[in-house]
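Two complexes are shown next, each including chain A; its partner changes from chain B in the first to chain C in the second.
Right after this comes the complex of A and B.
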């Protein structure tokens, strides 16, 4: 009896072991792509080990393409042009690419595997993107669901960015969350302060990163992020500037206005901040001081659902009907929007119907 | 009784289609039959895996299990062999056909637990087939499965543009279609019958 059991175990174990060994040998043979060369913009050549995704291979070589989902092919941020050697376009990429991008050989770098010599084109700014470490020096509660973090940089100790750009904050494993994720947040402090950045983060129900920030992160904790990313900048013109952003969309607008205030800008500017009720308003005092220091800046908070307790005598309803208070010449107005894709689409549609040229509407959309 | 391998091959495609007469391999059959393109991919993978695992399991059964008198281990050993073989297939697909690899996605590992694959190996033992007969049975079973999923995917692509009552959408209607297809396949039974 006992011998039967033992031989059975030995045979099953032996066969499983043999097959496992076979697989390991096969993997060495099949999954070994050797050394390949990545040609970047025709200027730099990287010698790397083949086999992993383009995104992670570039990351290992300290070139950080934007990615919010961590390479799972669900955010569509890590686009780059692949001139040769990327293999065929995969079904996992198609939903994120427009027909023009497909024609232009744009790919999602997290889905492209580096198996042969490959030539890619990435924006030069990406080379500025670095990994930063810092310490949370201050956490302010702005509203019941919005916090502003101040992160003092430790390694490296300086950051250069343009107002309106964003970084990707990495949340560690915590509580029941078993994975590290990185999420994009706009920098809310002015680039004139190079030794720290501020981020305005609104709680997203069940959000991995925002729950960590709101419930677990404490002052003095170490955090890391990559950046800066994004092309949401102040245009260097004399045109009037119309800002529209609600909730945590205030972050890049705050950075821009602080930057403009420090330069005593005299451009005509109006910021429409849409909120539900008075308890969603924040940093009003700061914007009021800018109204005084910049003669041509006006702040327009608008409440969509003010309650009795709000004692609100200001503007009510949606922000869009109030734009008329600010817009004087549609051909001399630039719009800067930050918010959810739905809000951006609605505001862009409204502005275009008002006659503002589409190419003068700049936006930062976050899902 | 010695049946011609070719007859087994034809019979396992039409008259004793593994899916439509034994209703094995239903899970991937229902989930991957939305698009003709990906159903062909999965179908071909099944043909490939089924043919070769049947041959492999024949060898393992007659060279290892029978001499060692441990025939009762056939279930577990067959599953191990199939799992290892699917892993190997996955590796080769990733290397040589990334498009197919990504379009099959999670469904390739699903073949590992596709009961049709194990079912064919077990039927081969029960029916006491020879090596040649087994290969014919495996290939025919795979092709029959491919034919069935291809037919369902084609029908489902048409159904997408038709009005379907809410309660029947998705799996509900697919099950009904599968049932009608199974009945239609009875029409082939005049050609040849094997057991």
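Right after this comes the complex of A and C.
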């Protein structure tokens, strides 16, 4: 009996092994897709070797779509429209796509394999995205879990971006970490400084990239990143500007305010920063400086749970009830929000209930 | 133990430095199947299903997520806080989709138990019965978890 079972297992195992080997050999000989053409926006054609993902193939050709997961299909950033040749939509893509996007042939480029000629549409701004190398010239501790890096660019030596955009910083292999990963961080410096960027980075418990930044990265180290990405930037209007942020969401708002300050902006601006306690507040002195240099700018820090040690006599609780201190005309107010999805959802709901049109609320959500 | 290619991939994903800095197995040398089976048996003796546990964790997570500016107190003895971070986490069992990068801290003031989990933990408990290995950053020992959630 036992001999029969073992023989059967051996036969089935042997057959499975043989079939697996056959598949590997077949892949080597038959899955050679040769050269294929990627048509981009109907304007540019790339001749590439088939077989890799669309994301990595574009990267090899110095076209960098946003991606925070290194092509694992987990961030949903690397979307592009595939007009033809992308194969069927995969189950790994569906959770990241809305019904409208699916209808519109939007795909995750990391999940699309380039096997045949393919026609795609990507935003023109993507052609401005570059890979940069730089040296960390300064690391500042802003709070117990937030650091700001200053990266002096070395190759290329200049970057052009809009305040509010982000880059994807690449962490190297370190310690037990056997792979490079890329993570998105908003630029916190003004685009007026083209030779360096600053990034505000909060420690993520057990995070691969932030652990590297907080525990391993030193001044003088070389780093690389791609960018700029994102469509969160200042609208060219005369409307009042209501800024709301929490935690490291301060980064893009700082870039925007520094940019506006350099232009002596006279727009009315109110910045509400929500933090739990005093130890979560940072860069207050800088915002106080801008309150002096920009006559129509006011900074409103709000603590949700100040302790006795905070010795806090300022605003407490949620940020929303304090918006009335700033908003004068809902029809002439734009809102710029950056922070957690919970905060964004609550603030958007509040502002809409106050009468601010949804299309005038711009945000960069951490989700 | 002989592993299928899929099991090998899952095992690899669980190691430190692959999907998160410290991984999902901690100092536990057991195979993840054994971890799951042991915890399932223990959960059964405690009289709860993994769905009940995940539902309770999800309800607390939702309440804390909506509060978003610090901790809230629920049912008079549960203090819950949600901290958001940019990005998403993926399931080591290769489920499609991403899970919010957030950290939920629950403090039960009745028994002074404090626990921390992520939205991914809820998914792994519900779908895979996986509470992570001993010594892992987010190991949720069923015994302690039940006391924190239901006492």
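Following the convention adopted for this analysis, the second predicted complex is superposed on the first by the 341 of 367 C-alpha atoms of A that agree within 3 Å, B and C clash if a C-alpha of one lies under 4 Å from a C-alpha of the other, contacts with A are read in each partner's own complex, and residues count from 1 in each chain.
In the analysis below, a contact is a pair of C-beta atoms (placed from the backbone, for glycine too) under 8 Å apart; a residue touches a chain by one contact, two chains touch by 3 or more.
Remember, predicted model here, so these are calculated numbers, not experimental data.
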Practice prompt. Would you check which partner chain A:72 touches, where first means chain B only, second means chain C only, and both and neither mean what they say?
Written response: second
Item to complete: Using the superposition on chain A described above, determine whether A:113 touches chain B (first), chain C (second), both, or neither.
Response: first
Practice prompt. Please work out whether A:19 is in contact with chain B alone, chain C alone, both, or neither, and reply first, second, both or neither.
Written response: first
Worksheet item: Which partner does A:92 reach: the first (chain B), the second (chain C), both, or neither?
Response: both
Worksheet item: Thinking of the overlay built on chain A, is A:288 touched by chain B (first), by chain C (second), by both, or by neither?
Response: neither
Discussion item. After the superposition on A, what does A:204 contact: first (chain B), second (chain C), both or neither?
Written reply: second
Discussion item. Quick check for you: in the superposed arrangement, does A:102 touch first (chain B), second (chain C), both or neither?
Written reply: neither
Response to the item:
Counting residues of chain A touched by each of chain B and chain C, the higher count belongs to C
Worksheet item: So, A:262: does it touch chain B (first), chain C (second), both, or neither?
Response: neither
Worksheet item: Which chain A residues contact chain B in one complex and chain C in the other?
Response: 91-92
Practice prompt. Would you pull the chain A residues touching chain C in the complex into a rising list?
Written response: 68-69, 72-76, 91-96, 175-179, 183-185, 202, 204-208, 211, 246-248, 274, 276, 304-305, 317-319, 339-343, 346, 366-367
Practice prompt. Report the residues of chain C in contact with chain A in the complex, numbered from low to high.
Written response: 16-18, 20-22, 65-71, 82, 84-90, 96-98, 100-103, 116, 137-138
Worksheet entry | Interfacial residue positions of chain A with respect to chain B in the complex | 7-8, 11-12, 15-16, 19-20, 22-23, 26-27, 30-31, 87-88, 90-92, 111, 113, 115
Response to the item:
Within the complex, chain A is touched by chain B residues 60, 64, 68, 70, 73, 76-77, 80-81, 84, 87-88, 91-92, 94-95, 98-99, 102-103, 105
